[in-house]
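So, here come the structures, one by one.
Here subunit A shows up in two complexes: once beside subunit B, once beside subunit C.
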Partner chain A sequence: MANNPIVFFPLAFVIAVAALGVLLASNPIFSALFLVLSMVCLGFMFLAMGAFFLGGVQLAVYAGAVTVLFVMVLMLFDLKDNANPIAKGLLSRFLKVSSIGVFVGLITGAVSLTKYYPVPVKAADPSSMESTRVLAVGLFRDYVFAFEILGVLLLVIAIGVVSVSRIKGGTHDRA
Partner chain B sequence: MIELSSLLEVSLGHYIFLGLFLFAVGLLTIMLRKNMIVMLMGVELLLNGVNTIFLAFSHFSSHTEGQILVFFILTVAAAEAGVGLALAVSIYKEFKEVNISFFESLKG
Partner chain C sequence: MDAMYIGIEIIKMVVIFLLMVQLVPILVWIERRGSAFIQNRFGPNRVGPLGLVQLLADAVKFAFKEEFIPGGSYKFLFLLAPVVALIPGVLAFAAIPLGAPFSLEPFEMFGNTWGPYDLKLQGYDYGIGIVFVLGVSSLAAYSLLMAGWGSANKYSLFGALRASAQMISYELGLGLSLVGILLLYGTFSFNEMIAIQDGPLTFMFMGKETIIPFLPNWGIFYQPLGAILFFVSVFAESNRLPFDLPEAEAELVAGYHTEYGGLKMNMFYIGEYGHMMVASALMATFYFGGYNLPFVTPEAINEMFTGMGFAFNGASLMTTLVSHLILMTKVFLFLWIFIWVRWTLPRFRYDQLMDLGWKTILPWALANTVITAFVVVLMRGA
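Here is the complex of A and B:
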């Protein structure tokens, strides 16, 4: 299903346009909304690729939780439309864009010169239950140590975020 | 001679270039924008580009390790967004703006 061009090309187009919207929208709220659009379409693309659990997680965690967090913080700040959202300096802009151009060109060259390109398409997509079961076996048996470490990381992050945001006098406590 | 049908057939390369495009746009967002929250959105775009490439390789080679890595990346990305937004809030409390140039005067 992921190799169906009728599924791939419209989704890819919307994802690309929404990503450019994040970059170009002068109002941060519009950037956040474009980000939601891009995340939702990527979630559908993950579903089409047979990664059903990850597609659902992408929709729930990314498009749901993370971007809602962004929008909440933006509402807290009450930011106005920024007149010039792009950083100053014509030369530095040129250098930034051209360095990314060189980077993209290098990756494109490396990918198209690779001996194994293109990888042959595999036979059939696994069913949704099967792909989710395989992912669960990997997470809870083969990589269970990394999974537990990730739990500890999340605990540390939660404590750290609370302590950072509760520092008295902001970040410049001169007292 | 390139035929139209081979152009329309979706291969691994299409997914790699979609992920590369997302990565490049994310990098541009981080480098060019001044608002710190929009820069964090750029980081999310970057991680999503990587996720797309991971899942494409996983899909086309029938390995599930790619999906497990994407799961870990999703978790770390959510944690990173939380930390970044907490820093943005602490900058806003001091300067009433979230311009990235205030970061250089941030010290504990």
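Here is the complex of A and C:
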């Protein structure tokens, strides 16, 4: 079942096209909707590869909750004709183009320096409850401290965002 | 996995989709007659026996309505939204077992021997059942957002924003209210849950097994609070009264589908009723024994039909049909409760809705989870 080509290639194609659409769409709403498409197809890709629990969580959390918030917030603004050129001004243009170059160089470097070797394909556990249990043991016993620290980090981000938006000149300035 | 099996599976998916779509007119009829009954009116009773053919007339009217696309709208999103509205309901419904599996002996056809097959009355069985259903049905918010944004109408947009905020808020309560029962069952798979709910009510109490012979082993007796919280949350998820703020007529004309007419509006309706069907089927599966009658296993039904002189295939087919009818009876009972509540309770105010979601359902579901976890550990005697 894992990596059936009839399922894999169409899904991979849609994921790649949708990811490109996120970058290339001039309207932010369409950009966000492409992100949704990419997330949903990624969820189904997990399912097709036998990672059932991950697939379900990907659909419920990323596609179903996080990106809904993105789309919702974007819809609150009036964003009709926002197709700007890549940058205005010589310095800004130079910085943006050169940072793109650095980024592309980093990726090609990373890919070309990677050693290729055939990964031993492990058959997915047919019992999905077992793979869920392995995941739970990893998250809540073996790596519980790393997991909890990540949770605290997210809490810090949430509090930080609220406090930043409330300082003088922020979007929710109380003064 | 031969050609015959794959063909049967594909036909099964189409049948499940048609089942969901074709149940909608019947539900609309029940809703209109039921609301009339509740409000002491007649309801549609002129066209055909009991007004049943009224639905056909409505369908013809829907199909022949003029197509209307508002100016300044995003045409692609506007046309895509009703189609997307169907997808989550269908995908979720197909993941729920609708009856006991149907076993087929090897048979000959087209010069080949096929089988034996063990066909599930279920679109697909991922084994994570409920996680998949929750994930897929959470995608419903996008169709409303696309409709609201795409139709370039402020009432539509307000409706869509309300709908998505409501769905996200209640999804937390919905998920948490199920954790208790999942802890007790120890599985995500619907089929295993249904198997666990066989027989009389059995549990460990103070280190010894206690059996209450006159009650079935249903989830509702273990998790009454969880069942209530779950049922309230699915009301909010399917945007039904008293939670139909997204299409509050008094404030927003018709909410996210203000600009839609004819078959396109109809598709939103099918999506809404699909959510109700999924919710009812989940209630039946989680808390009311799924496709089993209390104290009667599918094997017992099968033996009864074999005793009546049916062959292997016939007995299996009859078992599947009987279990399907049992589940459908339970589902229709819950669908009737949906309709009953809609025509009984008035709509909430938006702040009341948010209070109920975040300050009532979420804490109670959390408490239910914690208490259940303690009880499970104590019962195990660890």
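In this text, the second predicted complex is superposed on the first by the 131 of 175 C-alpha atoms of A that agree within 3 Å, B and C clash if a C-alpha of one lies under 4 Å from a C-alpha of the other, contacts with A are read in each partner's own complex, and residues count from 1 in each chain.
In this section, a residue touches a chain if its C-beta (ideal position, glycine included) is under 8 Å from a C-beta of that chain, and two chains touch if they have at least 3 such contacts.
Everything numeric in this text was worked out from a predicted model, so none of it was measured.
A.B. asks: Based on the shared subunit A superposition, would you classify subunit B and subunit C as clashing or fitting together?
C.D. replies: Fit: subunit B and subunit C sit side by side once superposed on subunit A.
A.B. asks: Should A:V14 be classified as contacting the first partner (subunit B), the second (subunit C), both, or neither?
C.D. replies: So A:V14 meets neither subunit B nor subunit C here.
A.B. asks: Mind working out whether A:L33 is in touch with subunit B, subunit C, both or neither, as first, second, both or neither?
C.D. replies: second
A.B. asks: Between subunit B and subunit C, pick out the one touching the greater number of residues of subunit A.
C.D. replies: B
A.B. asks: If you stack the two complexes on chain A, which partner ends up touching A:L47: first (subunit B), second (subunit C), both, or neither?
C.D. replies: second
A.B. asks: Pick one for A:V68: touches subunit B only (first), subunit C only (second), both, or neither.
C.D. replies: Once the two structures are laid over each other on A, A:V68 reaches subunit C alone.
A.B. asks: Look at A:V22 in the shared chain and tell me whether it touches subunit B only, subunit C only, both, or neither; answer first, second, both or neither.
C.D. replies: In the superposition, A:V22 contacts subunit B only.
A.B. asks: Of all C-alpha distances between subunit B and subunit C after superposition, which is the least, in Å?
C.D. replies: 15
A.B. asks: Considering only the contact definition stated at the top, list the common interface residues of subunit A for subunit B and subunit C.
C.D. replies: Common to the two interfaces on subunit A: residues 53, 57-58, 65, 69, 76.
A.B. asks: What residues of subunit A sit close enough to touch subunit B in their complex?
C.D. replies: The touching residues are 2-5, 8-9, 12, 15-16, 19-20, 22-23, 28, 31-32, 35, 38-39, 42, 45-46, 49-51, 53-54, 57-58, 61-62, 65-66, 69-70, 73-74, 76-77, 79, 82, 85-87, 93, 96-97, 100, 103-104, 107-108, 111-112, 117-122, 131, 134-135, 138-139, 142-143, 146, 150, 153-154, 157-158, 160-161, 164-165, 167, 170-172.
A.B. asks: Which part of subunit B faces subunit A closely enough to touch in the complex?
C.D. replies: Of all residues in subunit B, those touching subunit A are 8-14, 16-18, 20-22, 24-29, 31-35, 37-38, 40-42, 44-45, 48, 51-52, 55-62, 64-65, 67-68, 70-72, 74-79, 81-83, 85-94, 98, 105-108.
A.B. asks: Considering only the defined contacts, which subunit A positions touch subunit C in the complex?
C.D. replies: By the definition above, subunit A touches subunit C via 29, 33, 36, 40, 43, 47, 52-53, 55-60, 63-65, 68-69, 71-72, 75-76, 127-129, 132.
A.B. asks: Quick check: in the complex, which residue numbers of subunit C touch subunit A?
C.D. replies: Against subunit A, subunit C makes touches at 77, 126-128, 131-132, 134-136, 138-139, 141-142, 145-146, 148-149, 157, 160-161, 164-165, 167-168, 171, 175, 186-189.
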